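What follows is chain A paired twice: with chain B in the first complex and chain C in the second.
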Partner chain A sequence: MPEESKKNKKTVLFLCKCSSNISDTVDFEEIKKWAKKQGDIDIAAVSNLLCSPDGKKFYTEILKSRDAGKVIVAACSPRLHEKTFRGLAEECGINLGMVQMANIREQCAWVTPDKTEATEKAKSIINSALNRLGRSKEIFRRTMKAEADVIVIGGGIAGMEAARTLSRAGRKVRLIEKNISLGGSVMKSEDLAPGMECSPCLMAPILAEIRDDKNIDVITKAEITEITGFFGNFTMKVKKRPRYVEENCISCEECFKVCPVSVDSEFHEGLGKRKAIYSLFPGSVPAAAVIDREHCLHFTDNSCSACVAACPFGSINFSQEEELLSIRAGAIVVATGFTAGDVSRFSQLGHKSLDNVITSPEFEILSGTNGPTGGRILLKNGKEPQSAAVIHCAGSIRDDGIPYCSGICCTHAVKAGVMLRKKYPSIRIINIHNDLVFGTPREFAFYREAGANGTEFVKCSDLASIKISALSPAGLLKIEGDGITAVEADMAVLVTGFMPPESAADIASMTGAELDINGYFIPDHELLNATGTGLDGIYTAGCASSPLNASASVVQARAVSGDILSRLIPGKEIELELYTSVIDREKCAGCRLCISSCPYRAIYFDHDTKVSVINESICRGCGTCAAACPGGAIEANHFSDEEICAEIEGILHD
Partner chain B sequence: MSKPKVAVIWNASCGGCDESLVDIEDKIIDLADKVDFVLWPCAMDFKYNDVAAMKDGEIDITLVNGGIQNSGQEKIVKLLREKSKIIVAYGSCAWLGGVPSLINLKNKKDSFAVNYLDCPSVINPGKKVPMAKSMADGYELELPEIFDTLYTLDDVIDVDYYLPGCPPMPAMIINALGELLGGKLPPKGTILSPDISLCLSCSRNGTKPDRMVMGEIQRIHEIIADPDQCFLNQDVLCMGPATRDGCGYPCITGNMPCTGCMGPMKNQDQGAKMISALGGIIDGYDEEAVDRILDGIPDPAGTFYRYSTAASYLGRRREKNR
Partner chain C sequence: MTEFKPKIIAFLCSWCSYAGADKAGGQKLRYPANILVVRVMCTGRVDPRFVLKAFREGADGVMVLGCHTGDCHYRNGNMKAMKRMRLLSRMLPQFGIVKERLMFNRVSGGESELFQKLATEMTENITLMGPLKIEGFVKTEGAL
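Then we have the complex of A and B:
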């Protein structure tokens, strides 16, 4: 549009009564009279309800017929309808930046009961918008190309669910797992409460689906070394450690039989043994076994190659090397899971020092059919337990342990008793707890049913006081604590809480996503965007943002997938933030102090030109850098000092 | 053809600005050849009445140093404004209030108490403090009235140019005078140094990491400073980022951090800017940790507003209504 014709464009003031919400306290006739006297307002139009279909029609008709160039909408908060009225104005050929809301409802009519005062206040607010509009610049929508592929970190139930949901929509997914195969913590459970579904049976078809899915690229034994980029354009560097076993291995386990090395199995919480060539469990994905370089005799003293001889497929390859991968993706799902709370520092609980005292993860693996005892839970002396005490919150809700309630372990604690009773119907179960937390009606019913079936619930006034000792010579355990009569039992299960794994902190520092004081990812918005992080495009699913059970983890994985699928569409460009901050290259001295101030990591230093640069596709226009720039070289678009000062002057002037 | 007339006047300042003129070394002789000094109380014997007798606009350039803190200073700068074509706020005190304007965080009464009553080295049994009017031997004596607030020069009179520095560096003085006497006048209101921060030319800027964090703040005497590393990267506060370029960074060369004497970039508040910038690099998880780091700044006003209190958002401390 030629400058000259732009100049003749009209400034239109819309006054919305909001039914009577605003007009009850603001005198519209007076405002109209006042507006007429303001040289800069050409037209003042009153609507009963500007956001209604009739109101919108009225709005666009006036904008079109009266040759409008600038618009003030004196109505409600811009949070409600700024988008609406900017969008409509855009359809009428008016630039987004030329539409200014004047909030005369929340900031005026609703809080100023006196009609005269409210009317004067409304004038000030409109004058402020008018003054600002005089300094406003045009804003243009911008888009950029984006990758539609996704990286999922963590091959537990949440990560696998996200991967297969995304894959179903045709997306290419890289599923990154630090362990040697997929499955995560759920794979270590036998039954999932409260439904008591068989966990390995649930997982087997999911694992098989992922194994056969051409869209999902599973990268195991992986270490992420770098994450750069932003929503739509991430790059991740991954070290893929060698398995020393080729992909044609089907895990026939012939080599396991001949391997002379036996070491504690991590998958079995150290309660079982594995060979130096091993897999986590039958049916692992990927199927190929792994050689543990630290213990394999070929690597330690070159004295053995039994597996090579035993392998019917020629899969053993001692010369495999580490691969460095560079992967691009539009979004990253962090599904790093959890680690169990550590009770070793609480010596009075007797873990490791007393026989028959085990933690809940140990209990889970011992009761597993894929566990070291094939699911049998026996006392050290080989006898079946007659009684068991289940200690809630072991190492939790105390400053020297996990300081919070994980919220999901009470159900696990009840489940331990239920599983024991299933194996040994006459067993006595005593759950020692303080508070009890059950998140759903089904979990609550599960607890009540366990009680009805004989589980005793004993309330201890302070679980930190629990002391477990051995009663000789009977071999019984004695459990004492504040507010309870001492309990005697054959075995004790210490129910541990949930903690974020160390890898979560690494990913946080690589991406810049923030962790809370307990090490969980802070959600972008607790209610509205619980699976987002402060960094657009970095999502969390499962226990990465707080302890969650398997069901909630799956729900989150699907929620994340839905969000990604709705925002990253192959071939479609993503819309960038309208109000970004801009660095004036002429005024930037390259001091770099803005870089740390940016919560979105949108600023980088250009070492060639020696100035800081804002990546407009990451910038969310928060303005922090504009405030922080000690040289005054950064301006927040649409919120420049000039515009803000104009707004303030407009309020203060008569 | 007569030589251009130049006046120099000293207000609320330390005298360093007057000395800086002499500090241009042999160039002062050239200058004295090229111009007629018509007032320079520090160096030459002229009377204010000589100035009052001049025609309006007769003086070509007046260099005013120091802020305005009493009625006498106000009177002479107003007179000089009438008689001068160009007024230059010379040095950071005239431009921003300078070190003396830290008094704006107190008031006249407090400052008199410190200087004339409570100071351990003062013996003042009559508890006398300066007064505008007093009687001695039957005569009424009059002295300039000291203000409660120290003002910048442009709070009091219209100023044409600003020459920053505490004091301005010789090269800057020679350049500025050359430009102004040569008739090459920049737009009115120009601050005669680059409108960009000192980091631009600082020799240490290249040693800085891209992502700067400060886990503690130490004072320069508490460490043995690396002579090549950015001070901020050594956990020492350097005002360079919020301070104008143009001085040639002599302090940094002397292994001392910038204290900010060249003042802020155009329309910026030096202290607020540096505080905001620190907000982004202070590395403390919670308030307690941040407080611990900030304990390393025992004198925030003197650190962030050392040269600019009068011109800053702070301006002065407001007295509570009694």
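Then we have the complex of A and C:
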């Protein structure tokens, strides 16, 4: 539109009575008289209820018929109806930056009973809107092309759930796993509390579904080296390490029988053995076995190729090479899971130094059918345990360990006893605890039922005081602690807390998403966006943002998927923030103060031109950088220095 | 002599304190009419020069109310605002402005009663202090 014709456009003031909510206290006749005296207001129109269907019709008719260019809506809070009146104005060809709300209801009529005072205040508020409009610039809705594909990091229960939910909606998913196959930590449990569902049975169909899903590309033995971009446009570089076994391997395990190498199995927490060619468990996805290059004799001294001869499918390929992948995606789901708390530094707990003292992850794998003993839990002397002590909070809630309560381990601790009793019905179980935390009524009922079935609960006021020693010659363990009578038991289970894995920190530093003091991803908003992170488009599911049980992890994975599906739609551009800030290259001195002030890392330094630049697809429009810029080089759209100063002048001088 | 009615500018962030002020309205919690609100998306947007500008344009007091720690819609803009206002309040006496004429505080979207209380107290305090008279440098320089 030519500048000249814009100049002749009218400024319209709408005064909404809000039935009588506003007009009871604010004298509209007085306001109209005042408005008439303000040279800048061309039309003052009073509506009984501007947001009603009749009111909206009245609003648009005036805007269209009176050649309006700027609009003040003196009514309720902009938080309520700014969108409404901007949208209607846009339909009438008026730029949305030229619509200003004057909040004369919540912040005037409703809080100022004196009619004269309220009317005067209303004038100030309307005048500030008027003055602001005089210096407002047009703002424009902008969109950007976006990828609808998604990357999921972590092939545990949360990552797999996100992948299959997204796939069901037709999205392409890259599922990145650093281990040799999917399953994550849940796969290491036999039963999941409180329902005591069989974990491998629960996981098998999920694994099979992912294996057969054409939309899901599983990338295992993966190392992420770089993540760049922003919501809608991420690029990830991934190193895919070789398996040395081709994809046609069905994991018949013939090669396992002939491999002469035996090493401690990581999947079995070092309690079992595996070969140099191995898989984590029967039914792994992908099915193909993996050769451990570090231990395989072909690679160490070229002395063995037994697996090649044993393989009925010709799957062994010693010359497989590392692949470097570059993957694009619109969003990234971080489902990196957890690692268990380390109790090795607490020597008084006797882990590793005493027989029959195991941690809860060791208990899980020992009791599992996928475990090294096929689910049998025996004492070092080969006998069945007659009694077991379960120590809660081992290494947790102490400054020299995990300083917080993980919130989900008490249920695991109760479960350990329940599982032992299932194996050995006459076993005595003593849970030594301080606070007990059960997150749901079902978990609480599980605890009460365990108590009713014989689990003894002994409260120790300071679990850091627990000391475990061996009573010779009986081989019994003695557990002492502040305020408790010493407990004697055949075995002890140290229930460890949850910690974020190291990989979480790597991903955080690559993306710029922030971690909290304990290393968990900080949610974008604890209540309203618990699965978002500080960087839009980077989501978390499962234990990445706090310790969660399997059920909550699945819920989060689905929540994340829902958010992604609603925001990234194939072929549809994504809308950018309206109020982004912009740096004037001519004024920028390159001091980079703005870069350190931006909460979203939306600003980067252009080394060629030596100025800072705002990426408007990351900027969320808080304007903090504009306030930080010492050179006045940053303009916050719709909240510019000029506009805010105009508002200040207007509200003080009506 | 007519009774002194101070003018107080309140910079409120759209997500927390402005919502708290709106809620005060919804509950019809009355507070002095001299509280004049300027809405910003985040208190991090409040350039200390806006505060000086307000004083220069005739405000007798300025309030900057943001979100509580950890509640900021923009992660930590409120913390930046707090630091800036703390620094500014130490500089205000150099401009001949008593530092108590500037208040930085936190009001959540639910704390309507706190908003009412702060608005009322600020008005009482500024009324006792009397009108702000600024001269010299601040009158001509140092603000937008």
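The rule is short, and it goes like this: the second predicted complex is superposed on the first by the 583 of 654 C-alpha atoms of A that agree within 3 Å, B and C clash if a C-alpha of one lies under 4 Å from a C-alpha of the other, contacts with A are read in each partner's own complex, and residues count from 1 in each chain.
To be clear about the criterion, a residue touches a chain if its C-beta (ideal position, glycine included) is under 8 Å from a C-beta of that chain, and two chains touch if they have at least 3 such contacts.
The shown structure was predicted, so the numbers you read here are calculated from the model rather than taken from an experiment.
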Tell me which partner A:653 touches in the superposition: chain B (first), chain C (second), both or neither.
second
First (chain B), second (chain C), both or neither touched by A:453:
neither
First (chain B), second (chain C), both or neither: which does A:587 touch?
first
Of the two partners chain B and chain C, which one touches more residues belonging to chain A?
C
With both complexes overlaid on chain A, does A:440 touch chain B (first), chain C (second), both or neither?
neither
Which of the two partners, first being chain B and second being chain C, lies in contact with A:641: first, second, both, or neither?
both
For A:579 in the superposed arrangement: first (chain B), second (chain C), both or neither?
second
Which partner does A:631 contact after superposing on A: first (chain B), second (chain C), both, neither?
first
With both complexes overlaid on chain A, does A:621 touch chain B (first), chain C (second), both or neither?
second
Considering only the touch criterion stated at the top, classify A:20 as touching first (chain B), second (chain C), both, or neither.
neither
Check: chain A residues flagged as touching chain B and also chain C 597, 624, 627-628, 641
In the complex with chain A, residue positions of chain B that touch it:
195-200, 205, 208-213, 232, 240-242, 245, 264-268, 273-274, 276-277, 279-281, 285-286
Spell out the residues on chain C that touch chain A in their complex, using ranges where they run on.
7, 9, 14, 18-19, 21-26, 28-31, 33, 36-42, 44-50, 53-54, 57-59, 70, 72-77, 80, 84, 116, 144
Chain A residues touching chain B - in the complex, by the definition given at the top:
517, 586-598, 604-605, 624-625, 627-633, 641
Complex contacts: residues of chain A adjacent to chain C
77-79, 103, 105-108, 110-114, 117-118, 120-121, 124-125, 128, 514, 524-526, 534, 579, 597, 599-600, 620-624, 626-628, 636, 639, 641, 644-645, 647-649, 651-653
